[in-house]
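Pasting a structure below so you can have a look.
As written, the chains take the letters A, B, C and D, and residue 1 is the first residue of each chain.
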């Protein structure tokens, strides 16, 4: 795992991610004002600028912004892992079947995925969450709906490459049952491109979830959600600039770190040239 | 008959071309039988369908039509589980070493996969894998390695180990060594051969590399555009291809560029017959002289090996002392020696890069074949031996051949002014060489046989004295091709070479006008020439047909009549010796006869012990009495050995 | 015979900063005369192609080069001189014709670019190209010039490559495995073509290949390279028929053929050393049957009648 | 031409599929589409009546066919919030959004490709890492956050640019733009109303920059990666062996080879531009379809949502179709396939 610290950029990204994960897990114990983090308002000291007492200042309901951001880490990580996790599982399953079986199943799965991919994926999620009703879980489902096709297509392409390799043909010729071939040979050899895609997607999902929350279709107040917090500070941007700026910064850093990690992973596994 | 382990009948494979309705036929109606223990080589260029054929045969892809049966059971259309048993008789080794092992699997897992599939017990598998890994020349601590930690050669060894796991009967080798370097390829080819003989395997091997195919296969199938254009014994297919594509493939492969074939740097047309150039020249006549091919028989005679132990330990009187057979062969610059005893191959050895299928110049042994040809046509009454050569070839009327008869020329009793001195550049012999194109013409000279032979004259009566003159044979060759209206090479091919059941083609050199050099231009392999000798031993009956007239053969054995004067060089060696129908007769009580060519070419036939000896050599000088004596005692020692 | 190219003791090391990562070339000595062909034969990874890049002055920036390369009319080659010579007096043809041409431009455009680089004035270029294509056996030159690389077969592309090399009648042609990617029959034609062009135009040729029979077909002199060093060099006929150096003998013994039937191949044990950096003494010693204490010192190239051999055990 | 024909047919098929997806999203997912249609507050009776008029009780396929016909005839239904016909709402807002997208695409292409190429030219050097960081930041930047930052900094603190709106309010009076094509800035240029043009551009800078950030990142990373890949291919080595100048090799031979994949990415990144307008128009309250879409999403104005989704699908397909044409012109292999 030494590639995590192979150059300055990647090591900074790894540190950010480390911080992000620890905040997500131990948030409540680290946050200076755990109650406010969870949502209790404290009206009398609203709009305090960043200072000693409240490092990042307080929001319109007087809650300490730093604790709110710390509390916001958990849902952000959760939605990223959940969306990418489910999307990857569904996509890999369908991609493997399409890739190995071929024939009409392959066509059906690929046509459906292409259909989903012919939409700007975020739009699909927005529409889905509107009809599902706002909320973190619905946002999660909406994102999964528009995300699985990327994985289906990726795994299908990689699976058909591996399927044409001699070692698969030999196993098939020996009479190894299809199921074992898919699990033992194909799945184990598509994991590399899968991991690289997952790492790159984690960031993009946080970005998408943040956008949903910003419009108000993600988790609802008073829960601490970075996208929501940016929206809440939107109209105060000229005076109480810190509310939107710092919560937005949290999203940006998390997404940036994941993207850099994605690049590092790609270089590690396919060192030829750093490609997008 | 060998057991058929696989029967491929009318296998065809068609691929649908993407956005169009037509089909592309990759494999077109192939039927082949694979015999147990043989190596069948499939050769063809890229896109000839050889890989697709293999995939259909080994059940990797289903053929569009036709069927494949392994050990009698058909492969197609079976459920995966039931054919698994059948499939365990098959092993696979593919071209790309690193691609034939799952990069995520350890070597142990890769090799044990077929065994696990068969349901062997754990302990059993481990023991088997350890045995296999060692057998393919890898150490057991490589079992834990992954494919990217191994070199190309090592990966291929693992692939071979896996292929042998369920001790299959047939192994598919699809370009097994094409992506390996020469030295690693040699290691793998040796290993494949070892395993084949140890495990009694049958190989179905595909390669675009003709060398590999020629090296390893018993039989060869040549593929072009999906069809099998030729199939047969690798020796005959590779040395004497029937189909035009195979011939192109082979000539392209072995032959040098048209622009200038590789000649030794010091090659010179005036000195190629002398040592040391003749070591190369006698085996590569077609590279510097125009030749016509004499095609072999379509079902060649199968030699039975019956080695004569005594020959190994033979000691031969060599002038003052005695030397072993090998020493003597080496001292007399032997290129090849073949000994037949009762029609069976008793002894065979090759030197100076020569092989069973290499051709060697016969020099004057060629005359013995002309003699036989005349014997044939005289017996048929096509040629009257008492007629003069001039009668059949008017151009010769004004020369000595206007008065000499066919019979006299055959027995070399023509009184002709002809000095057979091989070393004097002005001798008639040298001029004959220039006429045959075997030496450079002097400036201004434009000799061909048809312009040189008519200039020969002689005075004195024919039939009285024996005078060895090569020109006579060339004249006779001219006569017979004029009478029959066919090139000399074709006559030899139809009348002698094919009926004999010869395995390899032969060649005869031509002069600038295309006339055959009958006196010494024939080149054959040692084995095929031995067949010719054997046919005389059997009174002309061989390969279950009467190839040469019995009367002619017996007359030849009886030798010439005693009145004919015999020169000292012959009588000193063979007191009762004589020359008849272009053959030398020792006149001894064993009634041996022989044919001899300059620089040490011999064919020795001893009816008393049913022995035929063929010996090609490249002695540095054309004629040497000491050598003649040594060869006589050598042949007599061999004939007597039993 | 004038010597066109003389490479003496060429050594190349790949550096990272001061540290030597690998030294793929440890002593290449070549000499080619006009109109003659030197065959450079060796197995993968022995430095054949790198030698060509060094001669062309196309070594990667991280490489440091020692030893001299003399070229007729220019003395010792340095980077400054190379600009003018590369592509004009020294031309090169490559192994894989399909990937040697730019897929986006048609053949005519690419040949024209090379012609312009040789400042052949614009008007004369089309007619020159047609002549060059004709000289490599391409009759319908117009169609070829207008077509894209993916529309032509391997054989045709290789002929275009040869035509490109001959645009400015080079003094030296370097051919790096020109027939390896082609079928045997087409490869043979291409070899015949190169050979007859050489006889007509008299350029010197450095023919690089791992395929010994192809090298033997074309070369007048053959040099055998092992682990970055020329271990034996001599006239093609002598080298092919009585090789001296144990590695050459092993290599020729390893060529399968109808004559060398099953089991008769001499397989050199072991494999080519991967990293050449810290080799002491003769690089072939570990795999050589004749190796003994003497081989611990690097054997120099010694003249033995017409052959050059780098081995202590031979010709003493 | 055959290639063009099956591209067109596949585009039409995808469009059909897209309409089916929007239909299912609107009618199938929410438990009671009627309620969704007239809003949660309405009484059960009104809902029942509405269900009949809308034919919601018929089987789904028939509803879908009816929906298709209506859409083709231009009857995209009536927006719940503005009570206007959806199609009318969309067409009136389209020009503002299209101009915004065009400028954003312009920035992304211009900056993205030039910096990408520059980074590839100076691979491994200082410029390369700066541009790479800039690009990866662009891809990781939430558009709404960047918008707010630029608004606060350039509009708020430095006041170089107006914070919101497409034009100054008073422009309507002193320099009204005569409507020709309906595209404000474009019309102002044609009619020579340079004052309006200047004002329009002044307003356009910040939103267009914000919207272009993601595509800029994507394009420069792709341009760099592709160029480096082409530079490592055999034909570049051959070009060098024939003495072609490094400049000719990089800018003509290599760049022309790297263009087709870059064009493909432009097509792909247009998806982010379309959805990006939702946020950017909200932040700069730009009178385009984006803000209208967000409002209708929040108020579950389902006909409007269906209309917008369909429009977005059509837009995305159109862009990718154009990209295909350009690509086949650039790369002969693609066209002949």
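Before moving on, here are some points about what is shown:
By our rule, a residue touches a chain if its C-beta (ideal position, glycine included) is under 8 Å from a C-beta of that chain, and two chains touch if they have at least 3 such contacts.
Keep in mind the model is a prediction, meaning the values are calculated, not measured.
When the partners of subunit A are compared with those of subunit D, no chain appears in both lists. The greater number of contacting C-beta pairs, out of the two interfaces B-C and A-B, is seen for B-C.
Every chain gets a centre from its CA atoms, and the centre nearest the mean of all protein CA atoms is that of C.
With centres taken as mean Cα positions, subunit C sits 36 Å from subunit B. Inter-chain spacing, taken between the CA centroids of subunit A and subunit C, is 53 Å. A separation of 77 Å divides the Cα centre of subunit B from that of subunit D. Centre to centre, using the average C-alpha position, subunit A and subunit B are separated by 73 Å. Chain-to-chain contact here is organised cyclically: the chains close a single ring, every chain touching exactly two others.
Working note: touching chain pairs come out as A-B, A-D, B-C, C-D. On the subunit A side of its complex with subunit D, the touching residues are 9, 114-116, 118-124, 126-128, 130-132, 203, 207, 210-211, 214-217, 227, 230-231, 234, 237-238, 241, 244-245, 248-249, 251-252, 255-256, 258-260, 263, 272-276.
Taken together, the subunit C residues at the contact with subunit B in this complex read 43-44, 183-185, 188, 191-192, 195-196, 199, 210, 212-213, 216-218, 235-238, 241, 250-251, 253-263, 265-269, 271-272. Of all residues in subunit B, only 55, 58-60, 80-81, 83-84, 87-88, 90, 92, 94-96, 99-105, 110, 113-114, 117, 162 touch subunit A in the complex they form.
Note for the complex: subunit C touches subunit D at residues 56, 58, 83, 86-88, 91-92, 94, 96, 99-106, 113-114, 117, 148, 150-151, 161, 164. By the touch criterion given at the top, residues 14, 17-18, 21-22, 25-26, 29-30, 36, 129, 132-133, 136-137, 139-145, 148-149, 151-152, 156, 218, 221-222, 224-226, 228-229, 232, 265, 271-272, 274-275, 278-279, 282-283, 293-294, 297-298, 300, 302, 305, 309, 312-313, 316-317 of subunit D touch subunit A in their complex.
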